[in-house]
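Structures follow.
Look for chain A in each of the two complexes below; its partner is chain B in the first and chain C in the second.
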Partner chain A sequence: MWLPVMGLIIGVIIGLLTDIRIPEEYSNYLSIAILAALDTLFGGIRAQLQNIYDEKVFVSGFFFNILLAASLAFLGVHLGVDLYLAAVFAFGVRLFQNIAVIRRILLTKWSTNGDK
Partner chain B sequence: MGGKKNIGFTITAAILGLMVAIQFRTVSEPVVRDTRDTWELREDLMKEKEIQSELLREIRANEEKLEKYKTEKQQSKENVLRATLDELKTEAGLTDISGPGIKLVLAPAFDGIGPTTEPYLSPDLLRKLINELNMYGATHISVGGERVINTTVIRDINRETKINGRSLNQFPLEINVIADSGETAEKLYNRMKVSKSVEDFFIDNLRVTIHRPAENILVPAYVDSIRVRSMEAVKQGKGEGG
Partner chain C sequence: MKKKLINNNRVVLSLVGLVLGFMIAFSFRLTQDETQGHRISDRQWEQTLSLRNELIEQEEKNSSLQKQLDKQQDVISGQEKDLAKEAQVFFNLAEDTEKYRMYLGKVKVQGKGVAVKLSDGEYDPKEENINNYLVHEHHVFKVVNELYIAGASAVAINGQRLAHNSYIICDGPVITVDGYQHPAPFEITAIGDAKVLDSALNITGGVKDQLVNDRIIFSLEKQDDITMEPIPEKK
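Entry: the complex of A and B
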């Protein structure tokens, strides 16, 4: 359980230390990709808690969602329609749903633990 | 949770962290870069100002050139020729001229009183009048709107007096005369007042009214083209041309 958190912290540290910067105009894509990644990550956590976690689904979903979100944003920029909003909406809704499910699962777990 | 499952999770988490860090850097960068941007802006401003001064210099140079060309043009032979041409045209009577002068009006002496005889303007008399005007300092004359130039003919064709081929049978007939100056116009006026030819017109049942000198008498241009038949340019060195 602590390993993913360690990985997250390591990633952040590496990112901050290596001083990598992307051009300003691509920061939109990166932010949408982060949203997609967050969504996938929370989806993975929920799946783990529900014991339906599948590594292949998780990893492929992670990259696929990121790519899809970025390409949607790209398409939106070129079409003049704010298509990235679709991605933001979809991922945002799913993020909330996932977090709600996780919260309920954790709550049930704790309440059962407390009952014991 | 097995260890194998956690590895994929960890890697994705690390990638997410990396992305977040990069995004954070990128988004928070402008605060740092703003100061640099100021300098860049200053540098850019300097550059633009340099370009501006460069452009201004160019404009000035071009204006100078333009001015130079203008003065050159003014001093060119072409311009001298043009001025001469204009002068000659004025002299030949091909331009409208206005200036100080007098106005003579020929009108029938008796309007509807007694036996009406059509007033007849004899070309001899008109010629005499014009000669007189010329003698007393007239520079430009027009008769009934027809400019009198050096080659103007005044003659009788079928009992109709014609000037430059146009009939003079509309009365009152205006004769506009321009003199060199107001003074000359005044003299001309006085001379014409006592002129003999004015009396001669009366015999032909025409009364000549001489108006007081005015500052702006208009003499129109000669409208036809001047055809020179029996004249040749004077060869230099010879007294008279052939």
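Entry: the complex of A and C
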């Protein structure tokens, strides 16, 4: 279980150490991508807790959602429509739903554990 | 097989974690930089704004002061003009005063002029009336008046200067000027344009001719430097 955590820490370190400057207008895409990634991550955790976790779905969803969100934002900027709002909305709602489901499952597990 | 699957699973998960961590960290750093930049620029903007406001205030103050200065300068220039006029007036007044003093005989006068000498004619036994060739006060009057008319600034008889209220009367053998007796011959000096005075007296049928007609010896002399003392105040 320590390997993914190590990966996360290494990623944070690399992110903090890299000195790449990207134009300000592209930072929006990055935010959307992070939102997508978090959504997928919580979706994966929920699936794991519901025992319907599929690694292929998770990994492909993770990268595909990131790319989709980024390209949607990119398209929105070039069309003059704030399409990234759609991504923010969709991913935000799903994020909250996922976290709510996770919380319920954990609560249920905890109370059943306590009963035992 | 199971072990390998778990390993594979973990590798993929760590890749996902790596990407997520990188993205989050990168975005965090980027945003922080931006907000910091914004904060600095905000502060700078505020500073710029306050400085600009100050500048505008100063400029407004300057312009109002400049207007005030212009107004004051207008006032001053007006006053200066007035002063210049007044100075001119005073100068004229001073000049006039000097001139009038000269006419009144209050100051010493010095300048070019003419000297006229009137002497009694030679004794003529044929002539019964001696008055016919003596210098009378009206002869002196004529000369003096003629000199004044011709523009003499000051006139004196035998060195006694005449004032505006001088009187000349016949007092028998002498004439009296302002209370002082003068015997013949009379020397009348006048300060003024010598050329003018000379020609005024010498004009044909003029004073000289009349005097000569009355057998008075008339001699005229131009002088470069005549000085007349001021008339002493009468007690």
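Convention: the second predicted complex is superposed on the first by the 107 of 116 C-alpha atoms of A that agree within 3 Å, B and C clash if a C-alpha of one lies under 4 Å from a C-alpha of the other, contacts with A are read in each partner's own complex, and residues count from 1 in each chain.
Everything below uses one rule, namely that a residue touches a chain if its C-beta (ideal position, glycine included) is under 8 Å from a C-beta of that chain, and two chains touch if they have at least 3 such contacts.
This one's a predicted model, so the numbers in the text were calculated from it and none came from an experiment.
By the touch criterion defined above, A:F74 lies against neither chain B nor chain C after alignment on the C-alpha atoms of chain A. Judged by the touch definition given at the top, the superposed model places A:S31 against both chain B and chain C. In the superposed model, A:G11 makes contact with both chain B and chain C.
Within the superposed three-chain model, A:Q48 lies in touch with chain B and out of touch with chain C [touch as defined at top].
Chain A residues in contact with chain B (one complex) as well as with chain C (other complex) are 1, 3-16, 20, 22, 24, 27, 30-31, 33-34, 37-38, 41, 55, 58-59, 62. Residues of chain A touching chain C in their complex: 1, 3-16, 18, 20, 22, 24, 27, 30-31, 33-34, 37-38, 41, 55, 58-59, 62-63, 66.
Residue ranges of chain C in contact with chain A, taken from their complex: 9-31, 34. Within the complex formed with chain A, the chain B residues making contact are 1, 4-27, 29-30. Interface of chain A with chain B (complex): residues 1, 3-16, 19-22, 24, 27, 30-31, 33-34, 37-38, 40-41, 44, 48, 53, 55, 58-59, 62.
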